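In the two assemblies presented below, chain A is common to both, partnered first by chain B and then by chain C.
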Partner chain A sequence: MADFRMPSLGADMEAGTLVEWLVKPGDRVKHGDIVAIVETQKGAIEIETFQAGEIERILIDVKTKVPVGTVLARIRTADEAKPGAGEAVPQPPAPPAAAPPVVPAKIVAAPSIMVPAGAARVRASPAARKLAAEHGLDLAAVAGSGPEGAITHADVERSLAVGPAPEMKRAPGIDLDAMRLAIAAAMARSKREIPHYYLAHEVDVTGCEAWLAQQNATLPPDRRLLLGALALKATAIAARRFPAFNGFYRDGRYEPSPSIHVGVAIAIRGGGLAAPALHDVDQLPVDALMSRMRDLVQRTRLGRIRSSEISDPTITVSSLGERGVEVLYGVIYPPQVAIIGFGKVVARPWVVDGSVGPRSIVTITLSADHRVSDGHGGALFLSEIGKLLQQPERL
Partner chain B sequence: MSQPSQPGTVETTYRDAVREAIREALHRDPAVFLMGEDVGRYGGCYAVSKGLLAEFGPDRIRDTPLSESGFTGAGIGAAMAGMRPIVELMTVNFSLLALDQILNTAATIRHMSGNQFGVPLVIRMATGAGRQVAAQHSHSLEGWYAHIPGIKVLAPATLEDARGMLWTALEQPDPVLIFENVMLYNMTGRLAADAGAVEIDKAAVRRAGRDISLITYGGSLWKTLEAAAALAGDKIEAEVIDLRSLRPLDDAAIMASVAKTRRAVIVDEGWRSGSLSAEIGMRIVEQAFWELDAPIRRVCSAEVPIPYPRHLEEAAIPQVPRIVAAAKAALGRE
Partner chain C sequence: MNDLEIRKLVIEELGKIAPEADPASIDAGADLRDALDIDSIDFLNFVTALTRRLGIDIPEIDYPKLVTLDRAAAYLAAKLVAK
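Coming up: the complex of A and B.
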């Protein structure tokens, strides 16, 4: 028997509300199946199971808010299934391209690691907790002014006074106010805890543009490739070579990640921001990466992100694209240790082979955690991304 | 306690206010009499009953032997037999010699007699430190008495209460203990010329404020008010609650104040461990936990026998700077 638990979808998540069950007792599930939808500050998240088997029992009703780690359902694992049943044969292992076995272990273990650590627990007065609960406000987003920085009743009142009417701009599955609070909490924590250093590097992507034009000439519009896909792929390959930028800083130590799941910063209409992961980007062909990226952007904007996508990016890429500015310096999403920024591609006079000519230039930036890496390594990492982009056909 | 001179008021002391209360009671009801060590010829060890022997005679102002248990027991018997005795015990320290009578007899008779008998007895005693009379005369044990069901425990802190609580206490059908802080006897101020009985079942807001509740009683009230004035200089509006009655406690007044200010400091001259302040703090947690914005703090006496040397005695009991510091800490403004 396996427990299907409320996952932790980020270091600041303490609880989630179960909004929908997509399975019922008796249903068979396999690794990666979406079994439930959980409402968090980041929107409605589709929760996958990492356990194959048969849903034995559902323990939590919909519309119930439960702490991270709460058992939501019990799954009779494949090898426990009744003898004689046709499908009792153990499920074949998941294809290697899917999430490696390390992922379920990490998600299930998360609550037991995070809860007793206590560092993440918000210090708030009972009066503040009561008022915040009455208004559904997450205390993680409130700055405390009380003894030892505790959040007081007045702090919550201030916070509530600042917040605009929430019903106006609520898109299905996304509560933008809650999302803003979650962003506020995560970014405040990042700037408080992570000693950032910043590097910038200008890269000539004329070759990439030419290669993309050539590829796209024969492709229907919905399959055309964008520079963003090359940027993700180049970042992922460079991250494989520089493991100090791909992993998590937790409990006072750095754990490099063996997999490279690149978080893609996606702006949500109305003002939110999410950075769900594309898994194993270093191993994906560029066209597959492009279609996954399209799918991810679309689902994110609809508020349908999957639990594994929101909880396990190992590094983040933020790109403001053509509507943006030339240089952007990101804020690291904890517990990650680096974020890569891609600015707008601009036409610049550039020296190539001793003569000046117009070239397409993009400024790539790195914001990295100084507890884990130094500027020297950061510079090598950035310039590696630049080098990889010089040979788009090999990405 | 200096107030501007007002028409219809008289300048008086806490000591005189208590004496007036006793005189009034003696005049009002022939069943009332005062007894205790040195209350007659000597005029009371704090001079409260000075002159009463001459005015009322030895039947009603009765000197007793040094036998707290004996004359407290006699007071209980007299009360059960229809009299309204006022028993004076020199200090709360000596009252422990009469604790058996107070706890095992006076407080229990109504229950043990199946409501056939009550003990309408008033016991007055001095409490508190600050007069350099060393450990055996300086403790604040009123919190121990507030532990006992079956009695009422009063702590008059103002001239009005010193003047008015006694008669109300004498009207009670069950024992009432009145604790007079030794540092208050010389306190002077103006009191209404026609001041009389006051209620004894409500706490009083002695200073209104919105930022923190300072909960206290008796001799600590004036230090707490001084602390509140100092806090006002730092833009902290402290509310000062004078409990007046230690048993029963006016929970409603305490909770109303804490619900408003969301923070509480309890100032209690008793020792911290197992004290009245512990009881009040726990009641706040039980009844107003969700209103709190900060841990409840206490300013109590050092857990030592109260020392004789002045500087050590002052250091041992609550003082204004410690109250101010505790309030600021509760507000996160250390």
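Coming up: the complex of A and C.
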């Protein structure tokens, strides 16, 4: 029997509200199936199961708010199928419970490991806690201004005073006010706790553009590639070689991640931001990466993010695209330790082989956590990304 | 398909990308990417939708011909005639 629990969808999440069950007792589920929808400050998140089997019991009713780690349902796993149940063919060597190493399933399926109770507890004064509880406000969403970032009574009052957003057509799954509070909480924590350092590197991407134009000339629009896909792939490959930038800083120590799940910063229409993960980017061919990126952007903007995507990015990439500005100084999303920024591509006079000519230049930046790495390593990491972009055909 | 029908179709597709925008307020001569806050993935989705609905090919090199409503209407009309 396996427990299906309320996952932690970020270090600042203490509780979530179950808004919809997509399964009922007796339903069979497999690894990766979406079984429930949970409302968090980041919007409605689709929760996947990492256990295969049959839904035995549903323990939590819809519209119930429960803390992270609460058992929501019990799943009878495939290997404990009722004896004599004819169709349940046993799959001896690899029960899905023993997740393959490339999938971060275990992290999500065992949220208590991901967020120890002590680490997740928000610092707040008793008066602030009381006021927040009276109004049903989640303290994790409040930026604290007290000692060591503690949340004061006044902070809660301010949060409660934030009025409703002006009426605007938008995706039903996204509450921009709640999203702003979640961004505020995460970024305030980042600036409070993470000693950032910043590096910038100008890279010639003329070759990337030529290669993309050549590829895209023979492809239908739905299979065309963008520079953003090359940027993600180059970052992921470089992160494999420089593990000090890919992982989590928790409880006073750094844990590098064996997998590379790149959080993609996605602007939400109307003024929001989310950075859900693309999984195992270093192992995806560029065309598959591109189609996943398109799908992720589309779903994020519709408010359809999956739990595994929101909970486990190991590094973030923020790309301003063609209508942005040249340089972006990112703020690290805790508990990650690095964010890579790609500015817009600009035409610049550039020296190539001793003579000046027009080239397409992009400024790549790194914001990294000084508790984990130094500028020297950061510079090598950034310049590795630049080198990888010189050979787009090999990405 | 006449000019009006083409414009209606283009506006319909833009509405799917920028649902909060008022189609009637789109300045036919303005850069759509700025007017509607469209990024490169949105634009790719827009081009994909147009090729599917009109049964034409829109090569990447022609993207600049689609950046305003007026230019897009003229370009698509010419493409449909050539089909």
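The rule is short, and it goes like this: the second predicted complex is superposed on the first by the 324 of 395 C-alpha atoms of A that agree within 3 Å, B and C clash if a C-alpha of one lies under 4 Å from a C-alpha of the other, contacts with A are read in each partner's own complex, and residues count from 1 in each chain.
Basically, a residue touches a chain if its C-beta (ideal position, glycine included) is under 8 Å from a C-beta of that chain, and two chains touch if they have at least 3 such contacts.
Predicted, not measured: the structure shown is a model, and the values here were computed from it.
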Between chain B (first) and chain C (second), which does A:G386 come into contact with in this model arrangement: first, second, both, or neither? neither
Look at A:P256 in the shared chain and tell me whether it touches chain B only, chain C only, both, or neither; answer first, second, both or neither. neither
Name the contact category of A:P67: first (chain B only), second (chain C only), both, or neither. neither
Classify the contacts of A:A150 with the two partner chains as first (chain B alone), second (chain C alone), both, or neither. first
Which one hits more chain A residues, chain B or chain C? C
Pick one for A:A128: touches chain B only (first), chain C only (second), both, or neither. first
Pick out the shared contact residues on chain A: the ones touching chain B in one complex and chain C in the other. none
Mind listing the chain A positions that touch chain C in their complex? 168-170, 213, 216-217, 220-222, 224, 226, 228, 267, 269-270, 293-294, 297-298, 321-323
List the residues on chain C that touch chain A in their complex, please. 18-20, 33-34, 37, 39-41, 44-45, 47-48, 51, 57-61
Residue positions on chain B within touch of chain A in the complex are 262, 289-295, 329-332
Would you pull the chain A residues touching chain B in the complex into a rising list? 125-130, 145-150, 152-154
